[in-house]
Every structure is written in C-alpha cells, then in structure tokens.
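The structure follows.
Chain nomenclature is as follows: A, B, C, D and E, assigned in order of appearance, with residue numbering initiated at 1 for each chain independently.
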C-alpha cells in the first residue's frame, strides 16, 4: 500500500515539476521541450511499476515495466527476427505498394472527374470494411507469409492516402491555376509544377496516418495465420503461454517501430515541405 | 445458491455439451448452484482468466495448465471428464506422407496459444526441428481458426480434433481415403485435454471444495445425459450459441465424437494418464514445456466428494 | 444527383464485373478437385501437380468446369450473388421466415445479422460517446494547460502505434477480472480507438480562433471558461464533426475487434464464426453489414453536422 | 509607477505614456518594437497613428489595452496601470477585420461582451438596440455576419465595441480591408459618431487622408526601432465635410504627414 | 467575330471590346458582371480601371486574358480572339496577392513561365537576371518568397510577368495589400518600368490617386450591372514626379474620378 501511496505522490510531484517547467517563457528552451514529455513518460512507467508491485498484480495479468525491459533485453535476437518479419517485410512493403497505388490513382482521379465522383464514394464504402474481417480472407488468398500481411496493409493504407492526395491535388488557389493558364500551360506542366508540389503537405499528412495503420495492420493480420515469427505471432503465442512480459516486449517493438517510422516521415516532411507555413515555426 | 463461473476453452460447441446440458436441464440448480458459462474464443486464455479472478473454474488442456503453473498460476486439476485425446495431425495422402518420418521437409499447420506443447513434444521426440523446412526439419505455420490451409494446400498437414476440424474437412467434400491421420494417442504423445482446473489456494476452503464437488457431479450428469441424447444435446448447445453461426449437423457429429473421448468417465483423473502427460511434456528435448515434475497439480478431493453420494 | 449516381453506378458495375471474372480463377483449383472426386476428367494432373500451374491456365484448359466457380459451397472468393443471397438470407430471410425470426417470436433472431448489427451498434455508440467525451476533455486540457500539451501530446501519438487490436483479448480478460463485463469491455476498446482523432481534431478546433478573436475576449476581461464556452467551443464545431466522422468509424472497428475473442454475438463474433467454419459467404455478408453500418453512422454524423451548423447560422 | 500615476492625476490625461520601450524576444534575436515612446492623450481626443508596416502602431495600441506589457517606461490609463483598466473594462477594441463570430447574429455578436460583463438581459437588449441604431444597422440585428457587406460588418464591430460604453475606443486599421468609397462613407460616419459620443479614440491607419480627415492629433511613427517621429495637432475644425480633403489646410497637414513618413522610411 | 477582327486590323488597337456582356449563372440567379462594355486600347497605353467592389473590373481583365468567356459581344486581342492570344502567350498577369509558389525561390518563380514556354536554360538564366534587376531585386533570387517583405514579393511577381516579354501586362490590384508608403514607391517604379518597356498595361485599382498617377487613360466603372460610366484621358505629362499628386491638374482629374465613382455608387 505504501508503494501505491508513493505512486500517487510521485504523480503529483512530476505534475508539479512539469507545471513549473512550462510556466512563463521557460518552455521555449529546447531542453525543456524534450524534458517535459520524458518526465511524463518516466512518471507513467514508475507509477505503473509501483502500482503493480504495491497491489501485487499477477504477472499473468500485467507485468511490471522493469520485467518487460529485462525480457526485451534478454530476447533481442528473437525480437529482431519478429521486427524483420512484421515491420520490414510485411508493413513497409505493403506501405510502399499501397502508397504508390494510391498516388497513381489519385492522379487519375484528379484528371478524370467522373472517376472522382464514382470512385470516391465507392472507395469510402470499401474502406469501411473492417480489416479484422478482411484479414482472414487475405491470409487465405495470399498465404501465411508476409505477402498476406502486405496485402492487408495495402488495403488499409490505400484509401486514406488516396483521399489525402486527391484533396492535396485540388488544394491550389484559383489564382495559382489562373497563373498557369495565362502561361498557356497544359495539363502536365500544371500537374508537375503546381499541383504536385501543392499536394505534398497533404501527401505527408496521409503518409503519417498510413504509417501507423501499416504497423497495426501487419501485426493484426498475423493473428489470422503466420509463420512462427513476427510481432503479432509473438504477442499471440506468448499470451497463450502467459508470458505477458514477452507480450509487452513485442508490443514495445511495434510501438518503437511505429514511432520511428512516424518520426522519419516527419523529418522527411520537414525537409521536403520546408516551405509550408506549418513547417516554418 | 452458490455462484460458479465456468470459463470454457473455446467457443460454444458440443465439445462443452455436458456443461450446457447441465445448465439447461437444471442439474446445476438441483445442486443449488448458479452457474455462469463464459464461452472462450481465440486468444482468450482460460488460465489468464482464472488468474485474474474472472472465473472460479476453467476448462483447459493439461499442458497449458501445467505450463501456467510453472509461470506462477497454481492451477490444480479437480476433474477430468475427457479420458481420451482428440488431437491429431491430418495430412493429404497424395503428398506421400505415410509415417511420422515423412513429415520432414513439409509444411505443417499448428495451433499456438498454448496448444502447441503436445506438437512440440512430439517433434522433439521424433528428433525433427521446427524452425524451417529442410532435411530434418519442418516448416511450422501458426494455423488460423479453420481448415482452409489444408483445403487450399497451403500446408501439407494441419492440426485437427477428431470431433471438430476433421469433420469440417470431410464436410468440405474430402473423402477419408484422401487423408492420413496421426492421432497423438497412437503416437504415444497424448496429453490430457479438457480438464477442470481451479486455483490451488481456493482448495483450502472446504466450502469451495464442496461447491466444486456439486459442480462436477452436476456436470458429469450433464455429460451422461448428452451422451444418451446427442441430438437434443446438440440443440441445447445451438440454443446457447450467441453467434448463431453453428449448424445442427456439425454439432451432432461433434457430439458423437466427443462421446467417444468421454467414454465411461466418472470425471475422476486417472493418475497414470497424468503421469504419461507429464512425461511427454518433460521429454521436450532442449526446450521442454515443463522443467520439473509438478507437485500437487491434481487432486481427487473434489471427485471423491462428488462420487461419494 | 445524376452527376454522382451515374459514375457511382458505373464504378459499381465495373467492380462487379471484375469480381465475377476474378471468382473463376480464384476458385478453379477447388472446382477441379471436386469435379475430380465426382469422376470428371480434369486437365492439369493430380491436385498437388495442379498446385504448381497457373490458375488461368487451369481455367482455359478446363472451360466446361470453370463456371462452377460461381456456385461453390466453400469458395475462396464467393460470387457477388452468393454474398447477396447470404446477406438476404441472414437478414430478411431469417427474420421473416426463420424459426426464431422476428415474425415468429417478436424478437430478433441470433442467427440474423440484424441482431448482431444491433449488438455491435450498442457497444459502438457507448464506446463512441466515451471516446468522444474523453477526447474533448483531453483536448480542452491540452489547450488550456501547456504542461499537458507538451507532456501528453507526444504520448498520445505513440499510444496509437500500439496495436490495440492485438491487445484486445488481454484487455477483455483484465477488465473481466476487475468485474467489467458484457458491453463495456468492447466499448472501452472502441473508445480507445476513437478518442485520438477527436483529440487531434478538437485541439486544432479549439485553437482555431485567431489571435484577434482571443484578444477581443481579453479586452472584455472574459475568464478562461467564458472564452471556452463562447469562443473556442463554437469555433471548434466544424473540426469536431470532421473528427467525429473518423472517430465513429474507428469506434465500430474497435467494437468488432472487441467482439472477436469473446464469442458472444456481434458482427465481430459473426465474422470469426464464419471464418472458423469456413463459411466464406457468411464472412462476406458480415463484412458488408459492417461496412453498411459504418456508412450509416458516418452519414448520421454528417447529418448532425449539417443540422448543427445550420442551427449556428452557417450558410448551407 | 506611483509617480506617473500621481502625475496623471493632476494633469488628468486619459492615456499617459512616458519613455515606453518594448522588446520582443524572437528566434532571430530581439526586436525593438517600441523605443522611448512618450505620448499624452486627453479626454475626448481622436488620435491617429500612421506609419509604415512594422513601426509598432499595433504594438502601442496593444500596450494600452494591456494585451502586451512594456519592457520599460511608464504607461497609465485613467491613472491606472493598463491591466487594471482592462479589468475595469475601459476599452472597446476594433480590429482590421470585423472579427464577428460567424455563429452569432449581429445582435448576438454585439451582446457577447455584455453577456460576459454580466449585464442583465433587459439592459443587454436595450444597449444592443441603441448601438445598432447608432451605427445605422437597426433592423439587421437578426442577420448573420455573412449576410452583410464588408462595410456593414465593420460597422457592427464598431457597435460591439461601443455597446458597453468603454471610456476608450481603440481601432486598429478598422477600414483597411474596405474599398475607398465605402471607406469614405464610414469615415464620415465615424466622425459624426465620435462627435456625438466624445469618446477618446486611438486609431491606426495606413492612409494619410484618413488620418488627416479624422484626427485631432496625428502621431507619425517610424520603424526599426519603432518610435514616434512627429506629433501633429490638427488645425482643422471639428466640423469636417468630405470636401475638406481638397482644402489647402488639409493638403498642408497631409503634406507634413507624408514628409514625416518619407523621412522615417528606409527600405520597401 | 470575323468582322471585329477585320476592323481591329485597320485601326490596330491592341485590345478591342465592343458591347461585351458577361452573365454569371449563380445559385441565386444570373449576375450581370459586365454590361455592354466597349473599350479600345492602343499599343503602349496605361489604362487604369477603378470602381467599387463588384463592378466587374476583375471580370473584364479575366475576359481579356481568356480566363472567362463573354456571353456576348466582340473582344479581340492583337486581332485574335483572347484564347488564341493566351496560347500565343500574349499576357503577363499580376494578381492582387503576389501568388508566388512558396516551394520555389524567387528566381525559380520567375523562371517558371520560362520553363513552361520552353526557353533554353541559358536564356532562362539571362532573363531571370535581367528582370530581377529591372524590379530592383538583384541578389534576392535565391531567397524564398516568405523571406521577403510584401512589397518585395509583389515586385517579384511583376518580374515574373515581365520575364517572358508578353505584349500586354494585366495587373489586378497588384498593390492592394501593401501599405501606402510602399505603394507610393512601387507606383513610382512601375511608372518608370512602363516608361522603359512601353508595354500596354491594364491596371485595376481601388485607389483614386494611384489611378490618376499612373494612367494615360482611366476607366471608371459602376456595379449592378457592371458597366463603364466614364473614360478619362489623362492630361498629365508622361514624366510624373510623386509631387505631381499635389498639382491642380492631378486634383482635377482625381475630382472627376471621384465624382464618377460617387455617381455610380448606390449603397455601402
């Protein structure tokens, strides 16, 4: 019980610390900007640790973070294999295919208005098909390997990417388009020199959404059949063995991979769309 | 009335007919019990449910129960309605597989989630590696929920239960002649399935033991009734299935096969079968399922009390 | 009207045509195996040998047998009419003519998708309400408290990289052990999936008022609460609805995910049961039912949005 | 500060700035938005601020309204520090864009500050009616902002600033977004409104004729750092028809303003 | 149409509009944006269009640039229909906002039309350099638009319109967003630019002094329906120092414009 009390005190203390750090103009300091979320994260972990120990929660229900960390460290080769299987093979290849297909389709949809009016409503209906329903079908079609995971990811990322890109391609002002017309520019120059650059911020928005979906999709698809490797397989199999520390270690791999991909995309976005007001602060 | 929550290992089907019949026919009520049956499903681990206090008693396979015991969830077998094991490996005959040695260099579908232990023991006894397709190894797939991997020939063999998946393969139009079965029982690696397990600490309480005794008595009565009336039992199962997805034909055939596994069971655990299971699990080569022979993993206290009347 | 209906029809027809064509090669192997069992002469050798041949070759070389791919019992890809038939049978068919149907018993049959859609809908709405409320509250906190903004926001993003779907069974077991049962565990998963879009949208919306509008409030020495009620909240309405549309669809997915492990009804349980027994048409029917439900819910949000905006005097 | 307050007590200027400096700390280093600004405004004056972009006109108005705090110097409003004056609801602020809330009717927008200040309902209605008439918008109270032209919206925003009878009217380029003809009209109306209400008004503009036409005092500012380069007391009579803009006195003042501007102007 | 074309052949006006009408079909019914507009512009003229909001200034410019098509009437540019002239790249168009593409540098923006028109690379560089000097932005070529002040951006957009040496410069309130002082500067520069290049220029503005200061011809328009109410040929000399704006001739023209505007103006 004292541990739980300690957890409560810790929480209040950390909150006060963060409150102090963010008051006034202190929050402009770079170090503070980094420290505040870290303090929050560390506090959550410590509170978790203390509560689990304090209340004696069985490991079969919720392991303490320290144990998860230990398991993670002790099983790096195994988890690396899972990472390669799920993230590198399944998620990223699916993401690449899905994004490429969406970009091409977006240009077509943008070019032919009939397609836009016909495809987008039907597409939004298709996008509403829950992946937990489509995943078993895709596993049946594409086998147990990473290919079916990639297929699930393609299905998941295609539509958000398409919608964002189409919106982006249309996000030019009348003035910008008129300018092109006064130059006597045809479709392709307008596309390449105006619409695509203008669409980039939207494309990155879509990419950010798509990347998280891709991670989740690849992991979930493994629940419906997989080789004996992969993050989803590890979560499911370890859960059945009540090795919850391993389950959380696998989740950690997924979260780390997801955050890393998200971070990389944000960096590329900053680099490519440096000109957009949202990137200029 | 005493409340009892039973967590099943899998979805509502004739595999658990005894319990549903006991509930439906009022056998539990006669024993002054108020029983709630929680159906299971994929990725629901009964061991986890009971560890978290979500159930008083669970239906579980012994390998998973003993493994959980080593993980710090002290489960104790209080009754064993299933005497036989229904697990088998079903292969296409036209792949040329006739004996266990032929499994090398094949793709096999296996259930995980704690159901992989018998398979892994068997393979290690055969000296077959499970980490890839080669001269003395097999490629293992985490089999999904159905028999499609076999029908689609994504795997050469898949795990089936005599009472369920095997029938599904046949229902899909495949003739028994097209198939080859390796029953775990015949391979000498059978492990006990579908026993009733409770938490060890609860057994200190005589009232709890008494409650379980009444529960087991009523459940076995349900099983006997189900064996005698397979059609009605199947219908009761169907009525309790909240998904409304089961078919009566399949449940009747499942009931018939399950009856074979129960046989003349009184619910009492056969210590010899227990020892056999433990031996199989400990024989798992470099990576045995359990590392030491468990102590106090079963008791006759409940069945004794149940049968005393 | 015609400007959208015709293109949509054209696209739907194209998809149907493609679907029918695809069903033939998709199902050809099983069709040939069945024909072989029935004693027919089949091109392509034995079943294992056929496995190595291309599906189209098998179709072309077995032209009389191939069309059976549209009427199989257990197809890999059911033909559209099979799905429609199943959809009909498990809704109207079951309720009107079924033994346990609505017409017979006055209650929806648990064999019908209407019943299961209802189960799913209930949990979805509860989860959506919880998620949306949590999202709005969190957004208000983030907008009013810099400490919360800086500490919570990055973790909210990371929280979305956790495959909650994979955790669903565990969550349900843990909640179960805490005595939370029935609709609520599903609703909580559904809430988890729906809160994030609401947070993101609401933070954007609550920050939508420009400096000038905020300064106005300041010159009137309005309190934080007044600024929230009279400026930030009304200004955030369009953002709120944009995210609610995403959130309610996410909510539905969350509920379905929560229904998978516990076979106690709902479209998720139904999909899994279909998969479990190899009833492809049944999965597809449940899948379409879910998509229809999602479309309805999103439309409902759009309708609410239009009503609200109209009530707020925004031009239509 | 106490000293400045007591001084203003005796001379009773409504706004009294002495050596006000304001430095913004930005990512690119400090920006001196106001340097050594001293200005005294007495009750009922109409003061225009004119100067090129970035010379600190807005910043000065914001300091008066307690939306920014000077880095140094003394600034009092009605003998109080600006933030006290803000709490005492001494300001009506009108921005360049009308800034009406689109989800409220015109009347609702004008009522908003009254609601916040806790006026009783009946009083709210009465005031809304009165200021709507004052800006010639009677009958438009139930329209939504988008149903009105830009000029009408701007008049509504002036009505909103007048509704709670603040002592001081602060207007930051209120007519910047309007076309010249509408602007002429509104200038005329603003002048007559000011003549009727006698509110102390600080008015920011970019337009020389507008500044000369409206003001009793014109403050010419210059950027980098933002400072006052000239303060011109207008010789024009209070009564000013639009034609006055072609009179020699007017042109003389305009010329002086233009020269002042040109002198302070460095680079486009 | 053929008739109009042959006529313009003889008189050789660059732009020739005869009874141009344009009706927009909107949800609220038809809007007559241009009614019976006739105007002839000869080579090298600087024509300003002034009038209240909605009088069709922009619409007329867009018709000339083939961005809209008149509902009726004859409009020719260099003896061709506007769309042919557009394809022949006869126009440099400058909008109210600079409208530079933020992802291109200043030089990149100016190069854009040259790329599209397929100028060789070396020629592109030479032209970019030349026009950057012309608008006094040499050395800023590698900056991005947002790194420049509003006035500099607007000059860059003028440079962009000049780069490909179109016959006709169309400017739609190019300085509307700038402050008066910057505007004065740019007016002066525009005038000298025009004097040097002798491009036929159509220029839309809201500002009377601007129109009078710049133009050889001032077209006063009036809304609902959009029509021309007055065409004033300026008596001012081509050489115009800024001070000319205080001269009697200037004020006389300004007065005539203001009267024309007031006449056409109905309601704020």
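We take it that a contact is a pair of C-beta atoms (placed from the backbone, for glycine too) under 8 Å apart; a residue touches a chain by one contact, two chains touch by 3 or more.
A quick note: this is a predicted structure, and the numbers were derived from the prediction, not measured.
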item	value
Separation of chain C from chain A in steps, with touching chains one step apart	1
Co-neighbours of chain E and chain B - touch as defined	A
Minimal step count in the chain contact network, chain A to chain B	1
Chain whose Cα mean lies nearest the overall Cα mean	A
Between chain E and chain C, distance of the C-alpha-averaged centres to the nearest whole Å	54
Whole-Å gap between the CA centroids of chain B and chain D	83
Centroid distance [mean C-alpha coordinates] between chain C and chain B, Å	33
Residue list for chain B, restricted to those that touch at least two other chains	42-43, 45, 48, 51-52, 144-145, 148, 152
Numbers and ranges of chain D residues touching at least 2 other chains	none
Per-residue multi-chain contacts in chain A, two or more chains	61, 136, 140, 223-224, 236, 239
In contact (per the touch rule at the top): chain pairs	A-B, A-C, A-E, B-C, C-D, D-E
Chain B contact footprint on chain C (complex, rising order)	29-30, 33-34, 37, 46-48, 51, 73-74, 76, 109-112, 115-116, 168-170, 172-174, 176-178, 260-265, 269-270, 272-279, 282
Residue ranges of chain A touching chain E (in the complex, touch as defined)	173, 175-176, 178-185, 189, 193-194, 197, 200, 273, 275-277, 280
Chain E to chain A touching residues, read off their complex	62, 65-67, 86-89, 91-93, 95, 97, 99, 101-103, 112-113, 115-117, 144, 146, 164, 170
Parts of chain E lying in touch with chain D, wherever the complex brings them together	52-53, 149-152, 155, 179-182, 185-186, 206-208, 246, 251, 255, 261-262, 265, 268
Of all residues in chain B, those that touch chain C in their complex	11-12, 38-45, 48-49, 51-54, 92, 94-95, 144-148, 151-153, 168, 172-173, 175, 241-247, 250
